[in-house]
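Look at the two complexes coming up: chain A is in both, with chain B in one and chain C in the other.
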Partner chain A sequence: MMSSFLFRAMDAKAGIFLAILGAAIVLVPAGNLLVPETSPFHVPTYAVTLMGKYLTYALLALAVDLVWGYCGILSLGHAAFFALGGYAMGMYLMRQIGPRGVYGDPVLPDFMVFLNWEHLPWYWYGFDMFWFAALMVLLVPGALAFVFGWFAFRSRVTGVYLSIITQALTYALLLAFFRNDMGFGGNNGLTDFKDILGFDIQADTTRAGLFAASGIALVLCFLICRSITRSKLGKVLVAVRDAESRTRFLGYRVEHYKLFVWTLSAMMAGIAGALYVPQVGIINPGEFAPANSIEVVIWVAVGGRGTLVGAVLGAVLINFAKTWFTAALPDIWLFALGGLFVVVTLFLPKGIIGTLGSGWTALRQRKISARYEAGSDQPPSPAAHSPGAAANISPRAENTASSTSGAAKPQPAE
Partner chain B sequence: MSFLKSLFLILGLIFGIFVSPAVAQSEPETLRPLINELAKGKYAETEQQIGALAATGDPAVAPALKALSEGDLFFRKSDGVVFIAEKQGNSYNLKDPLTLEAAGEAGRREVKKIKVNNKLRRVIRSALGSLTLMASDPNVRRLAAVAIFKAKDPEGIEALDVALAAEEDEGVRRVMEQARAAAVLNSDLDETQKLDAVATLSDMGNRDALSLLLSVRASSEGVVRSAASEAITKIEKSIATWDAAQNIWYGVSLGSVLLLAAIGLAITFGVMGVINMAHGEMVMIGAYTTFVVQDVIRTSMPGLFEYSLFIALPLAFLVAGLIGIAIERGVIRWLYGRPLETLLATWGISLILQQAVRSIFGPTNREVGNPDWMSGAFELGQMTITYNRMWIIVFALLVFAGLMLVLKKTPFGLYTRAVTQNRRMAASMGIRTPWIDALTFGLGSGIAGIAGVALSQIDNVSPNLGQGYIIDSFMVVVFGGVGNLWGTLVGAMTLGVVNKFLEPYAGAVLGKIFVLVFIILFIQKRPRGLFALKGRAVEA
Partner chain C sequence: MARATSLLYLDGVSVSFDGFKALNELSLIIAPGEMRAIIGPNGAGKTTMMDVITGKTRPDTGEVFFNGAIDLTGEDEASIAELGIGRKFQKPTVFESHTVWDNLELALKAPRGPFSTLFHVIAQSEKKRIDHLLDLIRLGSKRHELAANLSHGQKQWLEIGMLLAQDPKLLLVDEPAAGMTDAETAETAELLKDIAKDHSVVVVEHDMVFVRSLDVKVTVLHEGSVLAEGSLDHVSADERVVEVYLGR
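Moving on, here comes the complex of A and B:
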């Protein structure tokens, strides 16, 4: 049961969140391009790229949160979709190099010349066109997720078993992409990119543009996720998360809902990967490593699963910490990350945003009930806050009535 | 000559200066003129001179002949003395061809190489073969016979006949017979001899015999040809069988490694429904315990090294088991009923343990030695079986049997099974489920620890050791099913054997990918593994 208070709180938070993100999209590139280098407000290019990378991670975390936080599917293989999107973009960037490669072959990328390949493999066709690559960024992870999910959800593979086979999926892809025969550059992956859409990939303007593109993609995906989670569909997803069998008995086709949200999430992860690759300048099979996928889950857990803002916040916070720790105290980083896993699961099961949110809700309820008790004020009309919450009047009344003792308990997450 | 030798020997013994050069030095004076002869004449003469050297039957001429065939034998233009020379810069380092002692240097122009052609090389090879066929060391004799087998030189037949008459070692004798058969087939002897040879090779039955017979079939005709074809089909069949046996052996070997790694995981998963991501690190801790034990033994009591593994086993069980209990009491017990969160928390613990080991022992591989009884190999038919693999299979099965015994025959095992089947009911019956959880977790971790002792013998001991096994262990547990150790056994062995049978066709990596895809598909069919628990407990 979600109280309308929580909804309203999320509304305000989402507004603040989007405002901050919008400001960042405008201010960071401006700080890089327009402010002179001597000024203290100048944003160096490496910082722009770094923040752009965080934004793509945030998008990946958002995708994981959508399936895990709202639908209860713990994916330990989302890095696979991320990397597939990245490879699709990497292939486009490789084709853009053209004759400027080390071997100067107009069509074949360097590693193919090096391996004595005669022709471009069929699956590399079309990647010289951006629209095709962009389509593949969505389609390849989407199709893989669709097929995988169609089988898994129809067979009712759930819980730990599903997590393990998603891990098997990304591990199998890791091994496959390490093979030179696959035609994706093997161990070294794809790198040495020159330009994207005709712009020099090293130029400050391109970097700033990629940052802005990442930000805009994040905002759009956030809005999509938000509209899904707030719709009736989102309520069914939460029901699936909390009591899958019961939802099925009520007549919902659980596997269809799961499949939809799973495929959508994989596509979002693909977009994140595609934006990630031009900013870091390389994609290699290491991105498929199962450890990466697990790390994404912890970003979401720290930020707050089941809260979209939390996923973004967690991703940015932890990656910022990682950047700082690995530079300053490299030995400590794994201790810190491992400790974070333990502490968050033990003491912050709802994550930062979830804990803040429920604390705030409790505070509000206490205030209202105090007023109610004093009888000095009419109970505020919930309809005024959120049109969809009209049905929640009676539960909320119960809530307030029961919390007259003053100690409102936070709602259990599950 | 042998009289002279024994005289010198006795003299040497008497004076207490028994050293082998004392024996060798008796020879050079008689052999040297023969060797110096090599400097004269053309190929035809050289061939005769090689024959003369071989006729002495003295192994001391072997280095000179070998050098000759490799083009390292030179003579000094001024006096015609022969040396083994090694080029260094613009000059040559000279060595005496008999004693192999250094004999000064010579300029590029002062010495001349003694030329050989391919025909002479063949002559030298067989001469060397017959020289060494009579050596006192059976290994040298065997190698010589193998050399003749490879060269298929008909000239070797005579030498082999002589050697066979004198040979007493059964194994060497067989090799010599095979070498003789190879030589016979390559000679122009009559058909009966050749048929015998084909029969010998057919009994030999390995790839060398097969390739030899293939060439015989191509070159000969009549009875020999048909006999060869028959032998070939027979050998091919036996090779196929042995290949399959070898693959099964490798598969069982891999399977037992998987079993060792996964069995502890299966227990904890079965009882608590929790996948312990730090399980691989327990394996690693076991391996590092072995390292520490061996390190202590090396520095303080080297005599115990042979028993180091037996000392390490209980220690590894204790160390890993105690860490496991600490993890359970400290973290996991707060997370019951939330399996996915437990998975994350244990992943965090695994990172901490890895980094801790990296900080203490350093990031590089640590050397863990094999005791003598773990190293080496023996031949079984046409399979090579290494001792360490064999002991690990035995060990894995022992651990499995021991664990079965604990779970089926002890009160602790009874409680554990009760908790696995129905936690609430077990608690109602007075079983202290928290304690069972802790002890079971300790047991699973301890088993992982002793798995680490075994794996330290075949794998690199590094902080990443556990990571390499954790995903495979998951696959085994998920494939085998929960709550049934037989499932783990069958799962591990199946995956091991399937993996090894796929490898020759698909390569190691692709084979593994196939196995992973197979498991993903298998889970669709049986979402709870091969041996699933039935009943209401499943939905819990």
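Moving on, here comes the complex of A and C:
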């Protein structure tokens, strides 16, 4: 049962993607640690960390794509789960500082000493152990998503209304974490980390290790997402996206399906946050900012929603562009990002991967019909539909869908 | 007929939306194995009646029982579908970005929970059943086409196929012939008669030719309650029915 489940994830397309990712996981750390600094192939440490950060963003985008691209739940609050995972990791890293803090208190982090706190709050207990923190990275975002989703999906809140509530969720957390009394460092957040699992967090080897860990997490989550989207459950999700009430009348309990992917997606976002924090060296309430969540949605839209590779590609490309732009033309970046979103919505509604996919199908169809005209005996047949491909990539499907029923195409606001 | 021996039992069902009475003391009994046609002018409450039976709308007052014993007013859409009531919508609603095959696979009677579908591997018997259904609804050659690419009539048929795939005890079919050519309408009537051999069917339809070709007991709804019941000839002889249809 389990083997057929995982086996389903693999095919040539996934193979190519995983090969590229696997090569990056090996070559980038090797280029940093093994290649001498004088060589043109040397990868500087800052670049390793930067790329590691992109990979965690890619994982966050993957999580958003799973709920939005496949199930039609437009989350504008996924940065909340990302930040909660990040805070869980940050708490572990704070406890690892021990007496090396500025105030030298063996237990209390610096900001608590500064606030004249006498004891460690109860919710900081256990975070000195990595396994506990790792568990919380999954459980805290997962539990929040479960409770939130339980109420939202059971009350059948959908579309724009759900998106607005997710914004409210992340904004509420932003305000809460800004408060010093919350015990998470208030405005400054958690920073000044020293080591992780006993390794110096600044060391090149640790940086390379964190990069590789981010890559491996991305590979694993990609495989999980892919085996989900290619299973019958994946088909039900797309059915919910396209015709929710029809799915209900078939006897599927839509709220259970939504709750399942929503919680899973939040956990993936939590993992992404936990890998992000040691690489950037700080977590503060700014990560909860509503704009962050919206940016993730743009990555997914640009890359191609409803295609897992698209989400990853979109996140990496846009963040690479952001790095370059904010260094070269810092004033332009936000305009460029906004412009990009408009351009993609107008001209590439299926995103980069979705457009490539339908272009490829159209080209192949054209070749087949040309050959048929030239006298081959294979009649042009409709494109075979692979369940792993974006469910909405058929160009003809788009035309018919828009003329007969608007509900077939996932609407931008849903 | 008593409640205990009925398949579907509606008694005194009323539904109002903002003061408008969509259903007014509606009572209707469908016997096991029966096929029934329901006609009525626009706004007679046909679709609302289906909504009440399938759990989309809760009645304000009245009783709805399935199989004589199961109170449907306490159940939601998914559990009513699981109990064995399948519904075809007025506007054909199929999953457009899935293939014809996938549409049927999704509808096929099987455990509906997320974890059973996650680990689901399609069985040989299921493939056979889908093949059989594809033959029945004459979409065998379109099995790998996206449902969005089907014609309107084909979508209607696919939806009927999906309904059969669920293997329900009772089929509620809302305007199956809408938007079909005359030839397609005749074929659809044949198909429904075929289905009615081993299922109970309730058909809502405007098309009198179609209703006549079904040759079953007809219930006329008007302003949310039953106006007349009997054979088509019997009800069309009823003066009140004529008045309702031709205006007063």
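Here is the rule we use: the second predicted complex is superposed on the first by the 357 of 414 C-alpha atoms of A that agree within 3 Å, B and C clash if a C-alpha of one lies under 4 Å from a C-alpha of the other, contacts with A are read in each partner's own complex, and residues count from 1 in each chain.
Going forward, contacts are C-beta pairs under 8 Å (C-beta built on N, C-alpha and C of every residue); 3 or more make two chains touch, one makes a residue touch a chain.
Note that this is a predicted model, so its numbers are computed, not measured.
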Considering only the touch criterion stated at the top, classify A:L346 as touching first (chain B), second (chain C), both, or neither. first
Would you check which partner chain A:I298 touches, where first means chain B only, second means chain C only, and both and neither mean what they say? first
I'd like to know which partner A:V140 touches here: chain B for first, chain C for second, both or neither. neither
Given the touch rule stated above, what does A:A269 touch, chain B (first), chain C (second), both, or neither? neither
Contacts for A:F260 in the overlay, against chain B (first) and chain C (second): which applies, first, second, both or neither? second
Of the partners chain B and chain C, which touch A:S155 in the superposed model: first, second, both, neither? first
So, does A:L334 touch the first partner chain B, the second partner chain C, both, or neither? first
Thinking of the overlay built on chain A, is A:L250 touched by chain B (first), by chain C (second), by both, or by neither? second
Chain B versus chain C as contact partner of A:V238, first or second or both or neither: second
Common interface positions of chain A, toward chain B and toward chain C: 245
Chain A residues within the chain B interface of the complex: 74, 148, 151-152, 154-161, 163-165, 167-169, 171-172, 175-176, 178-179, 245, 290-291, 294, 297-298, 301, 331, 334-335, 337-342, 344-346, 349
Please name which positions on chain A make contact with chain C in the complex. 1-2, 4-5, 228, 231-233, 235-236, 238-239, 242-243, 245-254, 256-257, 260, 381-382, 384-385, 387, 391-392, 394, 396-398, 400-401, 404-405, 408
Residue ranges of chain B in contact with chain A within the complex: 269, 273-275, 277, 331, 334-335, 338-345, 347-352, 354-356, 358-359, 467, 471, 474-475, 478, 509-510, 512-513, 516-517, 519-521, 523-525, 527-528, 539
Touching residues of chain C toward chain A in the complex: what are they? 54, 56, 76-79, 81-82, 86-87, 89, 91, 93-99, 102, 105-107, 112-114, 117-122, 144-146, 148-149, 152, 162, 166
